[in-house]
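Each chain gets a letter, A, B, C, D and E, in the order it is written, and its residues are counted from 1.
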């Protein structure tokens, strides 16, 4: 689609660099050589994800396009782009920072909402992000009780973080604003999957996105870096 | 999507019908810059040529570009510095697409992304593992 | 009797400088650390942009130099020390038959360049797979007639070591674009059935006839140019998988190849910093000799009486090296009269 | 080739702070048990702490936590090792990158370090940045001579393929002990213990977890893992050796999911390098906790028969 | 596609989004300790102190270090 260069914010990158705590730098050195995309696992399986284009838009200040894009949320965080980059650009950090910025603009909350449980229910409660809980029935049948296996391996049946440790990370969370941040994410009202009927589940497939998360209006995301293609997306449209 | 570069595609056929080699394309982007359809592009004319050279037949024939272009307009052709008959190329591609039974794509696509995976009931039995806590959902 | 001029390096720039000095009534002392003259030029099969017989040209030039009365050629000789000032240097040479001291009026440094060994580029499988070669090795293969036969696919990779802050040098090696096109044409001429793919970032064909040369490779010889730096080369059975992005369509692509040719960067000559130390001249951050003034005095080093010629100052093509050799010779002649 | 100068810099420790990983503890306890046990057998005493929590990498890079929360969390975990004056040993690539990168970042940014320390002071801790973080595979490579001497169950006839994991090699471009593109230390270790290394095409490919993609973009994730598994199956190794519990979980569990979804038959047992070393060093069977593994159990039994229980 | 896009965006440009983003990050990564931010931290500290005896002891040890910061924050606000 036709873009007006005058709408781009050409000072954006320069002013962003100093306040990004060193997480975003060296992008101005990008040669646009495409080595990153060549080895990218996400680019190999998605139709339009392309780290090179995102870096280009960042440097040129086409922020709107980056923030509203679906592609921003398709990164695998594998750091392969950083490892091959001839100019040492640490692109995964860019994605990390831009996802935050996108959430500030109201994009991508439905993704993060799914992950919020890990922080709230596991990390802050037990001090461990991944719990012993297993929801795959096949795995449950095969493995059985993980506590028993742990005991056989000579470990305590459950790994416990001391109460003091949990209290400390809770304070870090409170003091650094993480708890407040999570409350904001938690604001998305989703159907309660435990109690929903089949009828509701069917509706859920076509359920529109919540219009607000906390104080931020949520937006749709777009395929901004190319046509998605394929049958699946044609139906979605 | 990672593409595999092939050798024998419709490139030869296109080159024969226009009587010119596609390799002369400079990839200068002059064609796409002035096109009236730039709002609705998936591929620009330049990318069509590049894809043809890479023999990505499926990608070209499935694109909307070949259907949008060539309607009594030859802006791209007029500015092309090496004089590639882009209109003719698109016409040849449309013909080929018709021959292969690919439906014309004139309608505008929606580029909005939908996503509804938050309900455990949609996940079939035996596939919800991902080393996750997933406490908000119960085991099926 | 005019005073002598010492010329360090017997590549094409050094040979030209020696010829010009001798032809204009001077005396030149040409030292070369290898056993034979010709330098990197002698390793080539063809020149570009005109595909001329490189070996023939070098042999002709060496013969001319050897026949001229005013040139003394000392192979397997290195410079040991250097004292004095412009017009009156005392140099000590290490020859196979022992040390030798000479009085010279001027010194021309034509130490040439070195092809980088891309061992740091493990992603390109160089050194691991016999099917990944550098351009220099490709030249050798071409000269010995070992180019792949039948419908083979050959991938040429630009900018290996050049334009790379992380593992190589930040400068552009200037000639890789042209010589890769030359190699692709050589391949196509030797084996029209073969397919050639060239992965480039920018095509830098700055010179008379270079752009036409590369377009000819694309249009006449049907060499496929793909814009994108190769990300990795994977060994898969007896084939190689080359992964890169075609950044003109924005998709990652994969090519199955039988041979991968890496256009490795032009490095400063080995030991250039030591040589600069002996001579007392300055080098730049990479180890190339620094010129006094880049634009109008390109062949003056930072020390008076010592002149630079050829690719020991910056990556350059043959024509420029020859021109610079002539310029250095004329500057040296001024001092030796 | 491993960068031997870097390996030489790793001290041979008497004691080391053993940093437990969430996935390793709660999904594959064998990794944790074998890690401590084999370190002990090699003469290194692992020191654990009850107060050590998750490294915080997951919640940070899943964008659930504000990044300001992750620096103090990293500093707190590192300060636990500093209190004991020890270096840290991790079993997970994610922990390794996260602790290393953010620790490095704090060490080079005095202002941030001061503000982090202020928060730590409130709970009676402080962070100096004196300790180093090593991956357990690095330590094994450092102690490879000891391993060679102490092998009890030689892995003769065991064909193993390797998977390094992106967060060690990609994220640790300058700090990993091996080349980011073509590492070989794990192969060396396997051969040292008597096994055979099976090369396969997708060796350096990502496992496909894609950090959060396995939850958010499952299709992408499974598609990528399938490519990897296809390549592994072509080479048909007895074991697939990984060095990251998260890759371990993905490669192990997705095999079953793909078999369920598409009727394929992927059955390659996946083992963590700590488990493999533990196996070779003669750690008792229960401690290896193979009961927690899902794919390729039959094949694993065959391997057991070959090396002897 | 373009229409879809405009419908959602309106006439908003990248410049405006960039300004919002920059101010968001400025606030997020600010290392300063104004009074407002300090007050926000109070509930967390209280919660920590309520946890047990040892936490209270540790937190009390920190008080002397905190007082000058509090003073600076309060006076800074008055000056501003």
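Worth pointing out:
Simple rule for what comes next: contacts are C-beta pairs under 8 Å (C-beta built on N, C-alpha and C of every residue); 3 or more make two chains touch, one makes a residue touch a chain.
As the structure is a prediction and not an experimental result, all values here were calculated from the model.
Chains that count as touching both chain A and chain E, per the definition above, are B, D. The fewest steps needed to get from chain A to chain D, moving only between touching chains, is 1.
Of all chain pairs, the one linked by the largest number of contacting C-beta pairs is A-D. The chain with its Cα centre farthest from the Cα centre of chain B is E.
In this assembly, the chain whose C-alpha centre lies farthest from chain D is C. Centres computed as Cα averages put chain A at a distance of 49 Å from chain C.
If you average the CA atoms of chain B and of chain C, the two centres end up 43 Å from each other. As a whole-number value, the distance joining the C-alpha centres of chain B and chain D reads 41 Å. The mean-CA centres of chain A and chain B are about 28 angstrom from one another, to the nearest whole unit. Residue positions 123, 166, 227, 232, 243, 246, 250-253 of chain C are each in touch with at least two other chains. Multi-chain contact residues of chain E, defined as those touching 2 or more other chains: 1-2, 4-5, 8, 28-29, 45, 48, 55.
For chain A, residues that reach two or more other chains under the stated contact definition are 1-2, 21, 43-46, 84, 88, 100, 111, 114, 118, 129-131, 136, 138-139, 164, 168, 171, 173, 175, 177, 220, 222, 226.
Note for the complex: chain A touches chain B at residues 1-2, 43-47, 70, 110-111, 113-114, 117-118, 121-122, 129-131, 133-140, 190-191, 193-194, 196, 198, 201, 204-207, 220-224, 226-229, 234, 236-237. Of all the residues in chain A, the ones that touch chain E in their complex are 1-2, 4, 7-9, 11-12, 15-16, 19-21, 61-65, 67-68, 97, 100-101, 104-105, 163-164, 167-168, 170-171, 173-175, 177, 179-180, 219-220, 222.
Interface of chain D with chain E (complex): residues 66-68, 111-112, 115, 118, 121-124. Interface residues of chain D, counted against chain C in their complex, comprise 173, 179, 181-182, 199, 201-202, 204. For chain C in complex with chain A, the touching residues are 123, 159, 163-168, 201, 227-232, 243-247, 250-253.
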